[in-house]
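One structure, as structure tokens, below. Some questions next.
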Amino acid sequence: MTERVQEILSWYRGENPGVLTNLYRILMHGRLAGTGKLVILPVDQGFEHGPGRSFAPNPPGYDPDYHFQLAIDAGLNAYAAPLGFLEAGAAKYAGQIPLILKLNNHDILQDEADPLGAQTASVDDALRLGCVGIGYTIYPGTAERRLQYEQLRDLTLEAKAAGLLVVVWSYPRGSGLSKEGETALDVAGYAAHLAAQLGAHLIKVKPPTAHLEVPAAKKVYEAQQVPRETLAERVRHVVQCAFNGKRIVIFSGGAMREDDAAILDEIRGIHAGGGFGSIIGRNAFQRPKEAALRLLDQIINIYKTPVR
Amino acid sequence: MTERVQEILSWYRGENPGVLTNLYRILMHGRLAGTGKLVILPVDQGFEHGPGRSFAPNPPGYDPDYHFQLAIDAGLNAYAAPLGFLEAGAAKYAGQIPLILKLNNHDILQDEADPLGAQTASVDDALRLGCVGIGYTIYPGTAERRLQYEQLRDLTLEAKAAGLLVVVWSYPRGSGLSKEGETALDVAGYAAHLAAQLGAHLIKVKPPTAHLEVPAAKKVYEAQQVPRETLAERVRHVVQCAFNGKRIVIFSGGAMREDDAAILDEIRGIHAGGGFGSIIGRNAFQRPKEAALRLLDQIINIYKTPVR
Amino acid sequence: MTERVQEILSWYRGENPGVLTNLYRILMHGRLAGTGKLVILPVDQGFEHGPGRSFAPNPPGYDPDYHFQLAIDAGLNAYAAPLGFLEAGAAKYAGQIPLILKLNNHDILQDEADPLGAQTASVDDALRLGCVGIGYTIYPGTAERRLQYEQLRDLTLEAKAAGLLVVVWSYPRGSGLSKEGETALDVAGYAAHLAAQLGAHLIKVKPPTAHLEVPAAKKVYEAQQVPRETLAERVRHVVQCAFNGKRIVIFSGGAMREDDAAILDEIRGIHAGGGFGSIIGRNAFQRPKEAALRLLDQIINIYKTPVR
Amino acid sequence: MTERVQEILSWYRGENPGVLTNLYRILMHGRLAGTGKLVILPVDQGFEHGPGRSFAPNPPGYDPDYHFQLAIDAGLNAYAAPLGFLEAGAAKYAGQIPLILKLNNHDILQDEADPLGAQTASVDDALRLGCVGIGYTIYPGTAERRLQYEQLRDLTLEAKAAGLLVVVWSYPRGSGLSKEGETALDVAGYAAHLAAQLGAHLIKVKPPTAHLEVPAAKKVYEAQQVPRETLAERVRHVVQCAFNGKRIVIFSGGAMREDDAAILDEIRGIHAGGGFGSIIGRNAFQRPKEAALRLLDQIINIYKTPVR
Amino acid sequence: MTERVQEILSWYRGENPGVLTNLYRILMHGRLAGTGKLVILPVDQGFEHGPGRSFAPNPPGYDPDYHFQLAIDAGLNAYAAPLGFLEAGAAKYAGQIPLILKLNNHDILQDEADPLGAQTASVDDALRLGCVGIGYTIYPGTAERRLQYEQLRDLTLEAKAAGLLVVVWSYPRGSGLSKEGETALDVAGYAAHLAAQLGAHLIKVKPPTAHLEVPAAKKVYEAQQVPRETLAERVRHVVQCAFNGKRIVIFSGGAMREDDAAILDEIRGIHAGGGFGSIIGRNAFQRPKEAALRLLDQIINIYKTPVR
């Protein structure tokens, strides 16, 4: 165990040893083991966006085995997916890669201003599948977010009692926000903070832009001159919003992009800003495996480089 | 046990031996035993469409015994129905045909853009009736699909613990979709994928058309040139969407049609595309028994023919 | 389904269709399918007598797979064993042979006049392992039989609600009986009747001798001249004691014997007396597999031969 | 993952992926990772024999931290202890060593011919402490073993559903056995078999002597000439009794001995006989740490050496 | 918060913050606040010995209010009593003195060699009465101690989940021990260790004598020359037996004694040996309040004096 991992665990000392053990497991797994940084493979896009749209660009991705093997071969910290994808490979790959069971999911077959999602698996499923934790998505900004927060509350209480990690995808959306506002700096910081307040151990947000959405916040950010020019500055702010860096915040890789240089620049910004890592889905599984491994290798190397 | 059945069981090795046993039972029953193909008789139309509309064309179908006997005489793999129909014949025909208890159903006495259905039987009913599994219908695309997914989640966890199969009817509908969109290729693939992610062992969808519904999907399908001209191509895509063919997907026979040749052509397309079989309701029980047996015999013969 | 199986099922028409289905399954499985006769392989001797004593004579029997394969290859109706042996092979052989989970077992590491046994598995185990039924041993004649009857009562209620068969090994023993009395005709009949009264669907007893144990019974048997000279006569009486033949009674094969002719004579006696079959453990797995298959083939052939 | 570990996991394929994951974790942890061999540190002697008697020979052992650190420093596969000892260090050492919570324990403040023990912790404790499994001791040969088997049954069902391993200490004792009989070859094999039949994943027994205890067994062992001269031969027999080697059997190190050469000879015998490893308590923690690490290093080196 | 209290809390870091909070509360209450030492008033003698025998020597003690007020006036850390006594004053004195609800009690209206006690209140009672913890008495050495350990296990799990302290009175007794053995050094150490292994946060034992009871222990104590001449040495050993001093062990004051000097000498011995304090019942409430306050003041002063 490294000093950095020890430091991270110290932020969670109110949790039971089971939670700490599972936190240790993902922090000490894969090529970033011990650095306190994480790269996680999430594959819920089949459910969230549809399978054709998600996997046609790289058809081996239709196969659940493919993603287990990709996460293992790339030396990632964990693999996160809905029930079906995990059930299909959890026995075959038992123990080889820490698993996070995404407990709620949302499809896009209704065009909804305020998406809600459904709880599609349970804490008992996470235990029988040998997962290190559960995942849950909240949509701050939507009309019915209350139902999400309350469902998350119950699952969090149950998961923690069983020693499982709680990973929260916090994605601002809905009729309460402008499209630009979904990734606004104040909103991204707000989203990270909400997840932390709801008891999340790991928080996943989108990389923030310099936009400020909520007028009352905008006024303060400008008065206090919160730095927001570079991605590193903005990431630093979001991390600060998550309990001054005492909760693990990782950033999503977003839609598939051809331009690797741009992706790697973004990773450098997250790393420089003190982000704890990335959760890279489409940019991993929507390109041929060779290319995916190459890109993930470069991303991991960035996170392994100490920040000056 | 044939090699093909062994291969199919290997996709489900995360499940307990009880589930594997019931999977074996339906794969090894009837005239298609051992082929890895299935033809199932579903009779829930009395509940779903009303009895007169369903059974007046062939009045013996009012009698629950009729359908048990039809499935047995035709050498099918299983018979699926709501609680009452199964209760009425399960003792008399005990053991002669694997049973699937449809746990939710929906009547049409309200004209709803977004149907929801009700859970009308329980896992305990399935056990006391000697069923191999439970059935459940989801309507992706409806406003309240969330409630269906969550009810299915609880039933799935309970059914699997008791060693029962989970069969999901995945029928896109609702205000989120155009009428044409309900059977669009992208939507059909999505529907199959959703059911698989929800933990289904067997998935029933409608044969897909070449239409593409969701704009974001359409773009990808066209860019990737996903083949969709023939039914075989479209079936192949839907099967691919269900975990690259690692979940059993069967196709519904649809409304009663006079034209047997058209029906058989469709079966040939499903078979050629790697579909795992058919679930034939109205085209079986809405014609005289003799004619039904003749048609089912022809369908079974198609599925028994190896694909070149 | 044969007429004979239909007749047998008719005796159990108070049971739910799940129970009838599982009864059908074992009556329609293997080489005796449809005859109403059963040959079952039980392997609980490792627990009951110790593994070395049980398996050293034919060492492949140490391996749990061996017994599954033996029961399958011999075309038996079912295989019965304690939890560990079933868990070890239930996934690999899923569906290929009906399984009976023996829920209680007793080791001989205490020399007890009144053995009691322990419940070592549960109805939930039977469901998750895909069994057709549960097995339970009672020792009529022992001091604490009350505890057995009451544990069986609870398990029976639970098993039947879940559609499982209840198979009772009824072995008179204990300080209440002479050694000879354990297989006395009156006691054997009593044992079969007790099991039937406790709700058993299948009853396993030892072949009875002509001895009469209980004085009050002896008086009546002699007064009424109950025939008991031949094994067939005695078997007929035991079957009569089990609800006039309306409960399935099968007879145990007893200790390993070299003399196949004697074994086959006994089988002929059981068959002639209207016994429903045999449960052959040590005489099956304590000889080389070839010899076991040969003997089981002969036994099955006897049971297939119509009695004049 | 090595081929050997893969082979071992294949014996447990009826279990859920959670169980397989935890089996993988202990088989892939420490210096023996991947070999299929295990060395485990158990420290329940404070409870079982009293703290002074257990720890006075090496007083640092009074401190719960000491044992966590010893297991970690020696590179063992796991550490097993009662509730209090695990609670005292599970947060501090979270994740650094797989933990097994011993759920029952027995003190010696009553001199009992037939000890029984008490359940002193629960499956829920094992989850909140982040354990890979539960431990439970049975005393075959005692008058009340029935109560132990039944308590174990409930805990096993609950533990497996939560994905936890079940480790059974099977120690024949009690008024039914002579002192010599407690480690007799037939009894040791019986003990291993009973644990396996009760559903144990890992079984711990004492190294067997050449003595034969039960007359009926003795007769068979002698007739079949079961080899029992060397420890390797006897270990091979015990492993065979545990489902022909398809359940993991490890051997206890016994009382503290000065003579390291004798200890290492015993380990060589266990290894040569196909034993899966050792569980070394008193010979590890009752000597100074340096000496303990030296001895454990030698033991591990023996297990790492391929058997010719 | 003092450094000492911080150190003590660090030994319990596997516990949830609720437990730590209640531990903090009793360690920071009264005149010994912050010292890490505790003096607690227990009044369960009315139940355990009968009210007349307990309270006639100082009749105000019949009144439940008396004891609350005594504990408050003396500046003690906590007051422990059975349900009725706490219910009678908990509202009136709410918040003024930390309360411990004794969950089991035993009356002496049967003369039993092996007393067992009854659970006379619940964790829910402790919560509704605002207690900091529960108390429970075990009698190591009694025939049925198993039932006590198992009841304590359930209560401990429940209490800890609710953030309550678990205080265990560990009093060796019963047919397994000589009268002298009840306070023998080895037995007292064993008793403290058992309570710690059962998950107790605070342990109460009797001051040990130099006697050694269990032969196997005696041999080791003598060989290892465990010091046991002075009370301080013996207390030091008992504290060592409680996880090397990482569990709080306090010592009972025993029967009412006239000789204050002897009492204070005993306290000095406990203090010098590293004991964490005293639980003084009869020597507090069986003398006039003035005298009691004077004695308790002297005791507290001893515990406040730093040990050289």
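Per-chain residue numbering starts at 1, and chain names A, B, C, D and E are given in the order in which the chains are listed.
Going forward, a residue touches a chain if its C-beta (ideal position, glycine included) is under 8 Å from a C-beta of that chain, and two chains touch if they have at least 3 such contacts.
Remember, predicted model here, so these are calculated numbers, not experimental data.
Engineer: Provide the labels of all chains in contact with chain B and in contact with chain D.
Structural biologist: Per touch definition, common to chain B and chain D: A, C.
Engineer: Moving only from a chain to one it touches, give the least number of moves from chain C to chain E.
Structural biologist: Step count on the best path from chain C to chain E: 2.
Engineer: Match interface C-D to one of A-E, B-D or D-E, accepting only the pair for which over half of the contact pairs are the same residue numbers.
Structural biologist: More than half of the contact pairs of C-D reappear in D-E.
Engineer: Through what angle, between 0 and 180°, must chain C be rotated so its C-alpha atoms fit those of chain D, rounded to a multiple of 5?
Structural biologist: The best-fit rotation has an angle of 70 degrees.
Engineer: Answer with same or different: of all residue numbers used at the interface between chain A and chain D, are over half used by both copies?
Structural biologist: Same-residue interface.
Engineer: Averaging only over C-alpha atoms, locate the centres of chain B and chain C and give their separation in whole Å.
Structural biologist: 40
Engineer: Between chain A and chain C, what is the separation of their C-alpha centroids in Å?
Structural biologist: Roughly 57 Å, centre to centre.
Engineer: Please report how many Å separate the Cα centroid of chain A from that of chain B, as a whole number.
Structural biologist: One centre to the other, that is 35 Å.
Engineer: Counting only residues that touch at least 2 other chains, which ones in chain E make the list?
Structural biologist: Each of 13-14 in chain E touches at least two other chains.
Engineer: Looking at which chains touch, is this a line, ring, star, complete or other?
Structural biologist: Topology of the interface graph: other, matching no listed pattern.
Engineer: On the basis of the stated criterion, which chains touch which? Give every pair.
Structural biologist: A-B, A-D, A-E, B-C, B-D, C-D, D-E
Engineer: Quick one: which bits of chain A touch chain B in the complex? Just the residue numbers, please.
Structural biologist: 46-47, 49-53, 55-57, 59-60, 62-64, 66, 82-85, 87-92, 105, 107-111, 116-122, 124-125, 129
Engineer: For chain A, which residues are in contact with chain D within the complex?
Structural biologist: 1, 9, 13, 16-25, 28, 87, 90-91, 94-96, 124, 127-131, 161-163
Engineer: Show me the residue ranges of chain A that touch chain E in the complex, using the header's touch definition.
Structural biologist: Chain A reaches chain E through residues 13-14, 16-17, 161.
Engineer: Give every residue of chain D touching chain C within the complex, in rising order.
Structural biologist: It is residues 11, 13-15, 140-143, 145-147, 149-150, 153-154, 157, 172, 174-177, 185-187, 189-190, 192-194, 196-200, 214, 216-217, 220-221, 224, 226, 237, 240-241, 243-244, 246-247 of chain D that touch chain C.
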